Structure formats: C-alpha cells, structure tokens
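Input: a single structure, listed below in structure tokens.
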Amino acid sequence: MKVIIDKNECTGCGSCVEVCPVEAINVVDEKAVVSDECTLCGMCVDSCEFEAISMPELTSKEEDLSLYQGVWFFAEQRGGEIHPISYELASTGRRLADKLEVELCGVLFGHGMEEAAKELIRYGTDRVFYVGREELEHFNEERYANVLTYLIENYKPEIFLAGATAIGRTFIPRVAASVKTGLTADCTGLDIGEDGLLHQTRPAFGGNVMATIICPHGRPQMATVRHKVMAACEIVDHQGVVEKIDVPEELLESRSELLEVIHEEDDTAQLTEAEVIISGGRGLQKAENFRLIEKLAKLVDGAVGASRSAVDAGWIAASHQVGQTGRTVAPTLYMACGISGAIQHIVGMQGSKIIVAVNKDPNAPIFDVADYGIVADLFEFVPALIKELESSSTCEID
Amino acid sequence: MDYFLTEEQQMIKEIAAQIARERIRPVRAALDENEEFPWEIMKVLAQSDLFGLYIPEKYGGFGGGIFENCLAVEELGRACIGIATTFAASGLGAYPILLYGSEELKMKYLPQIASGKKLAAFGLTESGAGSDVSGIRTTAVKDGDYYVLNGTKQWITNGGEAEIYSVLAITDPKRGARGASFFVVEKGDPGFSFGKKEKKLGIRASATRELVFTDCRIPKDRLIGREGMGFIIAMKTFDKSRPGIGALGVGLAQGALDIAVEYARQRKQFGKPIISFQAIQHKLADMATLTEAARSLVYSIARYLDTEPKDFSKLSAMAKLFPADVAMKVTTEAVQVLGGYGYMKDYPVEKMMRDAKILQIYEGTNEIQRNIIAQELNKEYGRMKESFLG
Amino acid sequence: MHVVICIKQVPDTKNVRIDPKTNTLVRQGVESITNPFDLYAIEAALQLKDSTGAKTTVITMGPPQAEEALRQALSLGVDDAVLLSDRSFAGADTWATSRTLAEAVRKLEPVDLIVCGKQAIDGDTAQVGPEMATLLNLPCITYVRKLDLENGNESMRIERATDTGYEVLRVKLPAVLTVIREIGEPRIPGLRHKIRSKKQEIPVWGAADLGLEPEEVGLQGSFTQVVKVFSPPPRGERRLLSGSVEEMAKELVRILKSNNVPGF
C-alpha cells in the first residue's frame, strides 16, 4: 500500500518530494508518482497545498466501542509517594473528561497508600481505583500489566493515560498489547477532536516533526504522556472516592524478581527529574574541567549533563549523556557549555523550557535552538557566572 | 584515486579506517601523553581479524600478502603510528617464523599471532649493533636438547608486552655474520627478562624495552631454519616488512594532510581563510603530491613483492625510504600550516611530527636504505651488457 | 542457546539540521542506518555468543533495502538473518509491527532470548519490545545495562537503569530485553564476518510465510493512524547577550531569575 495521488489535483510542484523521508516520490511528467518504498508515514499528505495526496482507506474493525466510557489515568508512585506525573495526568484527564462529560478515574497500585490515594482527588479525580498489595509496592512489569489489564477489561474506559516515565513506558505497552488496542508514546499534547476521538500529539523524527495520532478502532485509546509538559492544577473542593479493588491472586505472579534497588549516589546524574541541567561538551577539553560544570550545577541544585563526545572521551559517565543515545530531558533550564550542538544532542534537549548556549564559536548549531546565546570562552564565562551567583546569593542573606 | 582494490581489499581498508576513526583518534593524544600501551586497540584489531592478513589460511590467517597488510597499516597510521607500529611490529616478529620456521614452529606460533591472541616482537638490535648487524654479541650455545642464550637486545618494539619473540643470536662466533641464528623465545622462558621501558620522542604509545637473556634455556627446536641462517633471515624479513613502514609513512602523511587542509579552510587571517593564500596553497599542493607519490610507490612495490619475485631488496628499500622522508616533510609542513596552534598540543600535528622521525630511523635507517639501493644499482649495472655513455 | 535480535533501519539524522529560519528539517543527503540502540542489542547478543557460543539470529521488518541493516549485523558476527518484508507490512504501527515480529520469532523457535534496542530514533516509542513480549507471553525487562546468565541458562541476572539509579533483577528465560548504551560499545566488523555478510543468503518472509492475513499487518492491522504532521512551533527569537563576561553573567542571572528558574 502507498499514499494515493489525485492526478487531477497534482500540479507536479514537488513539495511532497522534498518532505518524503524515504525518497519514495518522484515527479514524472509533472505529476507526483509514488514508488513501492512508501511507508505510509503521511508526511506528504499535509505538505500538499492542493490536497492531492491522501492515505488509503482502511477497512474498519467492527466492535461496539460505545461500551467503553470514562477517562482513566495511571497514578505512578515510587517508594509509597505519588510521583508528580500523576497530578499532571489527573489535570489533563480532568480536561478531557469534562469535554466528553464523563468520569475521571485514577488507578493506583501500592501498599498502605489508602491515605495518599486521596491526594489524587484534589487534582480532579472522581474515582480512584486503589489496589493495595505488598506485591505491587515496587514496580514489576508483569504484575502491574496483569492487574491493569484486568481492570481495563472489567471497567472498559475509553481513554487511558499514563506517564511516559521509565515505568509507564515499560508496562503500558504490555497492557495495550494484552487488551489489543493502540498506544501512542510520549505525547506532548492531548485533546478531544471534533470526531470525539482522543487527538494525541507527539514529536517524531527526534522532535523535528510533530504528529497527531488517533486510535479510531481500538479501546481504550491509550497514551503515555511526557513528564513536565502538562500542568498539574489543584481543584480545592473536588469530591471523589477511593475504591479498593481486590484482584485474583494469579495476576500477581511474575517471572522476574527484584533483587536489589540501587540509588546512584551521584545525584547530579538524575537528569530526567532535574529542573536545571548544566551540560558540558567537547569544549571542556578534559575530564578535570567537568569540575567547573559540577560546581555550577551544585550551586543551582541542578544535574550535570554531557554530550556524547564528552562521554566518548571518557570525561564523564554515560549516565550523564543527553541526546539520541543518552537521555531525553526537558528541564526548566538547559545550559549547554562548550557543546557544538550536533543534531543527536539537540533531539535530547530541545524540549527544555529555556535553553542557554555558551560557546566560543558563534556559528555553532547549538545557537540555533538556544533562547539565550553567549559567545564566549566557557572557561571565562562559567567562572564569572559562578561568581555572580555566589555574590547575588550572599546579598539575599544580608 | 582508484587503486583498483578488490572487494576484500576494500573491506580491509574500511575496517581499519573505522578502527582508526572510532577507536584510535579519540585516545591517541592520551596514550601518547601517558605512554600507555594500546591493549584495548590491539583487542579490537584482533577481533576484526587484522593480525593475520599476511599469514596463510592454513595457519589461521587471511591468506593475503604484504599489500593487504600495508592497506591496514596505512589506515591505522593515518590516526596514530605509535599504535600502528605496535600492530606492525607483531608482523615483523612473525616473519622469520613464517619464512623459515619448521612446520611445527609455524603450527605452534602463527595461529596465535594471526588471531591476535598473542603479540610478537623482533629482537635484533643491540647497543653495539644497529645498522651494523655484525656487531651482535648475544650468544646461543647448544647444550643437549637446549640452546642457552646470553646477552641483551636493545630498543625492541613490543618488548615486555609481546609473548613471542624472534631473536637473533650468535651460534658460531668464528663465522661472523654467517654464525648468527634466529630463535623463538617465549615470554616466561627461564632466564628471559625485560629492561625498563624507554622514554621516546614519538610513537610513545608503543612499548620499547630491552630483552635480557641470562642463561636463558630454550628447547633446541625453537631454532628457526638452520644454524647460520640468521643474517639471511633478518635480511629477507626486512625485505618483506619495509613496505609496511612505507605504509605507516603514507598513512601518517595523509593524516597530517587531512588536518592541514581542513584547518587551512577554516582558519581566517586578514579576513580570509588561509587556504586562499598562495603560500599555503603551494605547501598543501606539495604535501598532497608527495603523499600520493609515496602511496603509489608503496602500493605498486607491495603488489609486486606479493608476486614472489627473486630480487627485490632495492625496491623494498625504496618503499621504506621515500614514504618515511615524505612523512617527515609533510608532518613538519602541517605544523607550519597550523602555525602556533600546530606547535601546541591542542592539535595532533605536533605529535605527528614527533612520531614521523622514527620512520627515518627504525627497520634500517634511511641512510642504510640508500646504501642498499646504491649497492643494488652497482650490481645491476655491473651485470648489464649495454652502455649508456656512448 | 538461541538469541534473536530485532533491529530497525531508520533515517540517519547525522546530516539533518533544523533550518533556523523555517524551523524545519533539512534533509540533505539523509541515508538509512541501523537504529543506534539496535547496535547495542547486537552487541549484547554477540557478547553472549562470545561467552556461551549462543547461536544468534537477527530479524528486521522493513522494505527490501532493510537487508543492508541485516548484512551489517552479519558483518559484526551475527550468525543468521531473516528479512520480514511484504508490501502489506507498510504503515505498521507498534502493534502491527510487534505482531509481525512475534510471529517471526515463533517461526524461529526454540528461542531463549530476544534482544531489542531501547527504542528507535525515528519513532522513539520504545513500545515494540514490550508489546512483542506480551504477544509471545514472555517477560520483558527494559533499559537493560548489564546481563549475566545463571542457573545453567535457566535465568538471567539483569541490571536495569531507572530514573534514579538502577535495580538488579532475576528473570526466567525465555525473555525479551531492551538494552541501552551501557551494555557495551558496538564492536567493529571482523574481516571474515564482513566477507561472509556479503555472500550469505538472507531469507525473506512475507505475511503468508508468517501465517498472517493482510488485514492483520501494516496499516490495515494498525490501531493508530497519523492524521496530521506539522512542524513544531518555533522557539522564540534567540537573543545573544553582549558585553564582557561579567556583564553577560549578570544579565543571564537577571533573565533566569525573572523567568523563575529554580536555583537562580
């Protein structure tokens, strides 16, 4: 199958040729021709000003979708504490549920968290399904997936949201596969379309393109949602209930067992949670110079990031790497020091709210994505910044 | 330029180039600075099957020749000839066994060398015997089923790191050069130890040590070939190995040229990239021409040598002499193109210039190469019936 | 022991730049490469091959030219390769992809371990590994950074990265693992493997070979559909600070403070 070109509308302008990522389109005799290389990614459809390109029709899968109702979200907890993503999901879910005029339900797995479960109500949850079991205290993909699948099959929500955290992205796909429905990963925008479907917007091609995705024939419509993108809003007087659910024992079986949990002592490596990340690249020249970055990061209570070349050179551990083969981060502030800004790096940090780039080379591509650029030697600028911060904080104490 | 490589030769080049780019370039400065032996790189070269390029398949090698080996050495040398020398020196140590060893010695040692599980080294030079091989003092005395070695080898590449050593020793002092023989000595043999690691101007990632033999007893079947063949074996080994040194020179020159051109295109002075100045243009043009000339010479001689011709000492010497001089010249000019930056350790060209010097010295100084070439010319024209003077 | 590696061919983003004016993708000379995370998956499998003599098979679903990615895997030392290619596979979402891969793994059984990269760099979904595991009714451990066989290949001791460190797990085999960079740097091809990789036959399996109907695969077999593709909203105008480093530092602190950046 491939995209369909309406030969009457096509002007042979070639704009679809430009956007096709697999070079499947050629213009022959002033008409676009699609080769078998087409992967149906759909990028050309929107590029065509003349609406001459369309996706092939799908045979619809019949099932009574109206049986599915309500917006659900998975409330993530770690060590008995509800993770902030859960409140972001509750607030987003509230908005969607209001549009659909349905109930918003949260699902919480844990042990001894009856009280904590009520917290979710303050963010607009109407009903919290709480499964309290010792086996669910710590994350286990099979148990979590089994129990959640059981709940979804029994209660049939129409929308299900979870955090695009390591936990969410690990077990939600299992649930989607078990209940046989679609799942959209790492969404940064969610809305109810005019068609009544969940419109899920997410970055693709390393964030260079945004795509809106729907799941017309599967239920629930499932999405994992990027952390720190959607706001968490308290609703002071919201009323709701916590419902304790018992689940069959066999759902708690697992073929994997947790032996040990190790928290990295170096908390500057905890990139995905940090509000501020100070990153260093090849411009640091040697391992010792990372001290400068660490000093600045410590001062603002931030994490230390690094480009791939800094990691490859052995200056810093791979757990600090930001970018395509490292972590994807979206802090409030990302400050890149001596990082040229290879695309592989940029895709890992362009979701940051504010990007500051410090580089000697005014032509470094990092400046293309920066909000604030500082063309200077980092060995001069960073100490000046540290000095400035130290002096301004003492002023406050005075 | 297209040198009409076969698909397999192209693959050898690609693999070596990938190792140079991804594994050697990121670490070469640190290994040079710390004089650290490149074991990690040696493991990668072993895993990539490059150690046995010139060794027959029967002994676990790839079954190629000098040319295939030169292609790998060139690409590695483009990133760092300290590391490439370490690689090439294992081949130098293997050649005496490959050329003259008994079937038992070949079966025992060559597969280990070909797989890269063990490094080899070549032990000839002594404090009193460099260019003049007749100055060798290390002795090997037969004692029943053993030979007993005494003496000290100097400046042995891979010394202390290699497991297998081809060592030249005097078995019959009365016969002079004809009284020398080659032996295989293994690391761990009783009475075999190493001197301290030498501090060097360049190729500092490579290890250079003394080999010390103190009543070192080895089984008599470790003799390579027959007694008295040592000098011949040494010369034949050098004939085979010299194009490899040439390939190091070509690679090094190319590596320096790469940096010089890229730098000249970026560096601006008087408002223009310096490559727009004729002084720089002519330098770069000469550097590129010399490098290509050296490559053409090494490739054609290496290919010719692989046809197993009879007399090729002259050509072999040329294949070492010219690229070594070219590498010295091109790296020196590269430093000049980069100016002050070139002299600093921020760029690799200062290391390349330091490294280049060894190419004019080891495996027969360039003066010795000229001697060989001249002697061969003398012989060649002596045999000729035709006169050119009239 | 039989290890199956699932890989994907993706557009190389190395030469891609964002046009600062239009904020769109500049795609000049974009080539196809093996998904970088999948190279770690191959490396993980080859480490097991080195240590236990495991047989390794690599599979990919894609157009005919995805064969290049398989040949690259062979050049690194993987024993066998299968290409899953069929016109009807086009447009597959993660569900349809997982479905197709799962059937291929069934056809390759007995299989003790399936290794995937953490995610593909074009879609970034990280869903195919866990979804495929579910369809095969196998456990799936994600973000694996270290693995060791134990109990005579009955189970595996795994280190998996978490947001705050790592955890140590034991998982029964067969299982699916998705691996990250810390598993080990991908090796350089070996000459012998590279020569073999050029000549080796690579079977091509289509939907019929896997016992799948056309409506179960590709776009038809997918639940999700892309309805719109657009450029991300451009970032605000970039501002270059000026003055001495001290002045710039002062100005930056002021800006970050006024933006309520924590720590400033």
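Per-chain numbering from 1; labels A, B and C assigned in written order.
One rule holds for everything that comes next: a residue touches a chain if its C-beta (ideal position, glycine included) is under 8 Å from a C-beta of that chain, and two chains touch if they have at least 3 such contacts.
Only a predicted model underlies this, so the values are computations on that prediction, with no experimental measurement involved.
Out of curiosity, which chains are bumping into both subunit A and subunit B?
Expected: C.
State which chain is most central when centres are taken as means of Cα atoms.
Centroid comparison flags C as closest.
So using the touch definition from the top, which pair is joined by more C-beta contacts, A-C or B-C?
Of A-C and B-C, it is A-C that has more C-beta pairs in contact.
Report back the single chain whose CA centre is most distant from the CA centre of subunit C.
It is B.
Determine the centre-to-centre distance between subunit A and subunit B, using the mean Cα coordinates as centres, and give it in whole Å.
54
What whole-Å value do you get for the distance between subunit A and subunit C if each is reduced to the mean of its CA atoms?
Once rounded, the distance between the two centres reads 17 Å.
In whole angstrom, what separates the CA-based centres of subunit B and subunit C?
Going by mean C-alpha positions, subunit B sits 42 Å from subunit C.
Residues of subunit B touching subunit C in their complex?
7-8, 11-12, 14-15, 18-19, 22-23, 44, 47-50, 53, 62
Where on subunit C does subunit A make contact in their complex?
Per the stated touch rule, the residues are 11, 13-14, 16-18, 20, 24-25, 27, 30, 36-37, 63, 65, 87-88, 90-91, 93-95, 98, 121-135, 138-143, 157-158, 161-172, 175, 181-182, 215, 218-220, 222-232, 235-236, 238-241, 245-246, 248-250, 252-253, 255-256, 259, 261-264.
Show me the residue ranges of subunit A that touch subunit C in the complex, using the header's touch definition.
Of all residues in subunit A, those touching subunit C are 1-2, 18, 21-22, 36-43, 45-46, 55-56, 58-59, 141-142, 145, 165-166, 169-171, 173-174, 176-178, 180-186, 199, 203-218, 254-264, 270, 272-273, 275-276, 299-302, 318-319, 321, 324-326, 328, 332-333, 342-344, 346-347, 354-356, 365, 367-377, 380-381, 384-385, 387-389, 392.
What residues on subunit C touch subunit B, complex-wise?
Going by the criterion above, the answer is residues 187-192, 194-195, 198.
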